[in-house]
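Note that the chains take the letters A, B, C and D in the order they are written out, and that residue 1 is the start of every chain.
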Amino acid sequence: MNPLPENPLAIEITGTSFANPVWTASGTCGYGLDMAELIDLDRLGAICTKGLSARPLPGNAPWRIVETHGGMLNAIGLQNIGARAFVEEKLPQLRRYQARIVPNVFGYTIEEYLEAIEILETGEGISAYELNISCPNVKAGGESFANDPRQAAAVTETVRRATRRPVIVKLSPNVTSIAEAAIAVEAAGADALSLINTAVGMSIDIETRKPRLANVTGGLSGPAIKPIALRCVFQAARAVRLPLIGIGGIATVEDALEFLIAGASAVQVGTANFYDPTASMKIVDGLASYCQTHRLSSIRDLIGTIDLS
Amino acid sequence: LPGQFAMIRPRSLYEPLLRRAMAFYRVGRAPDGQRWTEFLYQILGRGTQALARLREGDEVELLGSLGNSFDSNAAREREALLVGGGTGSPALYLLAGSLLEQGVRLRLFLGGASQGDLCGYPDFVQLLGEERIHCATDDGSWGDRGFVTAPLQSYLERLPREAPLPVVYACGPDPMLHRVAGIVAHANVPAQLSLEAPMACGYGVCVGCAVPVRDGSPGGFSYRKVCTDGPVFWSDQLHWPS
Amino acid sequence: MNPLPENPLAIEITGTSFANPVWTASGTCGYGLDMAELIDLDRLGAICTKGLSARPLPGNAPWRIVETHGGMLNAIGLQNIGARAFVEEKLPQLRRYQARIVPNVFGYTIEEYLEAIEILETGEGISAYELNISCPNVKAGGESFANDPRQAAAVTETVRRATRRPVIVKLSPNVTSIAEAAIAVEAAGADALSLINTAVGMSIDIETRKPRLANVTGGLSGPAIKPIALRCVFQAARAVRLPLIGIGGIATVEDALEFLIAGASAVQVGTANFYDPTASMKIVDGLASYCQTHRLSSIRDLIGTIDLS
Amino acid sequence: LPGQFAMIRPRSLYEPLLRRAMAFYRVGRAPDGQRWTEFLYQILGRGTQALARLREGDEVELLGSLGNSFDSNAAREREALLVGGGTGSPALYLLAGSLLEQGVRLRLFLGGASQGDLCGYPDFVQLLGEERIHCATDDGSWGDRGFVTAPLQSYLERLPREAPLPVVYACGPDPMLHRVAGIVAHANVPAQLSLEAPMACGYGVCVGCAVPVRDGSPGGFSYRKVCTDGPVFWSDQLHWPS
């Protein structure tokens, strides 16, 4: 027997090691610190922060969230304290924990992405960047970067050149071909892909006949979208060689295992943090016991092992 | 503390997903030392329907205590006017109790759509006596017909000039709080308002529960979280959309 | 007062009147006849049949369905008795009911659509056709017709020329822009649009590591997708002038009202038929009492009245 | 009728959506003339968990009777061998009762993963007596260790040549039925198998419950619906994927 048993949950993504494949998803764990009272941040693979922009943003008017069957719609409006305040006020505290830190970054132009990255480059203890490309590109008619593989590639390429840190590109499910999107950002130099962001949805108050969200439409998340997310991961795994991080409705260890089997190297827990704050911890524990009961020396041996025979 | 809340839902139920915010209604300690807490809710939608299906012995998932609380010190040497509307009233019960303990004089204005929506009325009567409670219902089925803000307003108008200004504590739906804010601003009376907002997490991470609060920022306000910066805000801090 | 009170639920779509805006969705009510024991087919606006092709099809191997949170995945494989058997065996019986009959039609090439339509043209009592364009186009690399606005337009145009009956084109949500798809088929001569078809999803059995569906991926339906469907209807209503028929997770009268307010002239009840066979009847009743309590002389006055102020 | 089923779920529950197929286990008429029916289920997943949370007096949504039934005439002048596995066993209870009434000699083979999975065992003992029941469990916790098909096979093999061939009625998971089909084909014994399939509707409209049945079509089989064409099929009709 191995005298120094390795951590069976350890994974590596583009040269960076993570204690386990369970991360918290952007926008569902604040800047990580608010979670510290509820879960053990030392036992989390990584924290993806709320989306950060070069300058702080106020966010949308209320209402910003609506519950739906099996999920919720949100239109927070990317409210955030800005990259600078994150580096100065949050990062030093966050670094005290073992969880790796992955700032989620966005902009309304390619230049704004670059500005945000440049500010974050001044911070230490950042393991990778996650680019949210689902926000509108104001220089291209307000269509989301994610809706056009060329725009998605352009952002990726620019950011890739601006940092030595790994760049994870977060894909949107609101496209005709997730494979095409994945291939485009792989060619543009992405180190990994995370998927999926929310699906665009809507809800109407039948008494007032107004949209329930002040922003009219919003992003659908939660268990409702899990089958869509899993399909996207499966399709991306077939299209590119990059490591994938699965997101979408993951709330239990069974959910996480499905994504790993489909081809994800790690998973992010999003909406589940809201209704079950310890979900990520339960998944970490669940994966550990899965490895034990299934005699897996490493969870890596499970990744992409879907049986299509 | 009075004004704080918990996020609750039945254990191992699949739907609805999100927990519901519920103000602590009553709390205490059983003879055996076990702490208990009581919530009072009105069955409105999916979340409260699910709670209503629970039976004795069933478990709930609960996260709390959450949020800030009413500042009962503000009522020292003054009369406290409590204004509760619909599902907002339960949040005032603990406050009423602690104000009474501090010897504060207080008066309660309870409103609701109909008699059955005067949440906690019997308990409040026991605590305060009927004579200190003014009720108003939209349909006139109990107390005055109309908004609960009407008796509040006329009470404030009839206060003797020389009397020390009272302090208002209010909890209820947005339109009621908006009216209260207008009334207290006009009467120059300080008020603490406990807001309701749709909440996904209740502990500060989703930023879904935003409310505009006046500050020095360019737009004149910025968004704060009802769950962690509130639910209680000073009335003059709030920025009401026009 | 009007001495002959009109039916407040009556609607008209491209010149054809329907007793009410509540239809049953393709693939969720068989050929209509199986529903006759459970609901009153005389009180239904219309029945969209299971997808019909020129020749009968055997369908996919089991498993064909998996339940998910708030919905289900299906990969039936378009099993059907063929257009000819429908005309000969089902149509005569179905015509005995008041519900209008809308055959749902598909093919794997444009020619196959045409063949199916030609057979159906020999049948009487058909009020309109609904084209399912979400099936793979074997002549274009197996991509779905719906994935390419030009292919979608090409099918529409061909079928439009082959019949005088109204042609409803059923849109897929699995596209980057539902507006673009709607505009393309409007230009190609569609009389109305129905939307949405199912969203592509997947589920994996973590013990066997096999996809739960024999077909690997399947279509997600049910309340889980309602917010996506409503958003699609809203966006299509802004993009085209055609009447829209809303589909996706509709199970209650409140759901139906949301779609009407968003711009749908009618709705289809799908997955709800499975778990609540009388859902469509409850919605018809619910709309009638809504008209009464809200003093609407016609449900038409509600269509597209979303308040965006 | 023996073998028929109903689709049930708790009333006004949001999740899981789909009803679950349940074989009628026992039916009867109360002294006041009201008809009652009993289902026997094993708690496996979300649907049965939800059923298990029901309390006395709670309502369920039920659609039934659905499907065809076992053909008990096939057992006239023969011995009937009933084979039940796991949640398939409840479907055999009504059949056993009606065969007994018709004076048919019968024997029951009950299987399950473990002792607790021998659904309905005590009721079957009461109905048939222990000596006519053979049990097998995967873990050997009750009866033979192994598949229930083993005692069935050895029973068939030990039948005297000159005896009239028995008829087999089986209900259980697919792998068990597949084995039964092989055994009866080899022994040339007729068998009726009641299949389980994932069902969305239960009344024939979704075509989700397809099972390949041999016929003259090009592939040698076509898909039939377990819910309306079944759940009971003659063993030699079924096309088993290899």
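Just so we're on the same page, a contact is a pair of C-beta atoms (placed from the backbone, for glycine too) under 8 Å apart; a residue touches a chain by one contact, two chains touch by 3 or more.
Everything numeric in this text was worked out from a predicted model, so none of it was measured.
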item	value
Neighbouring chains common to chain B and chain C, by label	A, D
Chain separated most widely from chain C, comparing mean CA positions	B
Between chain D and chain C, distance of the C-alpha-averaged centres to the nearest whole Å	36
Centre-of-Cα separation between chain D and chain A, whole angstrom	46
Gap in Å, rounded to a whole number, between the CA centres of chain D and chain B	57
Of all residues in chain B, the ones touching two or more other chains	14-16, 46
Residues of chain A whose C-beta touches two or more other chains	69-71, 222-223
Of chain C, residues touching chain A in the complex	68-71, 73, 147, 174-177, 199-204, 206, 208-211, 216-217, 220, 222-228, 230-231, 234, 249, 254, 257-258, 261-262, 305-309
Interface residues, chain D side, partner chain C - complex	9, 15-19, 46, 61, 63, 197-201, 203-212, 217, 219, 222-223, 228, 241
Touching residues (chain side chain A, partner chain B) in the complex	27-30, 34-35, 37-38, 50, 58-67, 69-72, 74, 76, 79, 222-223, 271, 273-277
Footprint of chain D on chain B - complex, ascending	12-16, 46, 49, 55
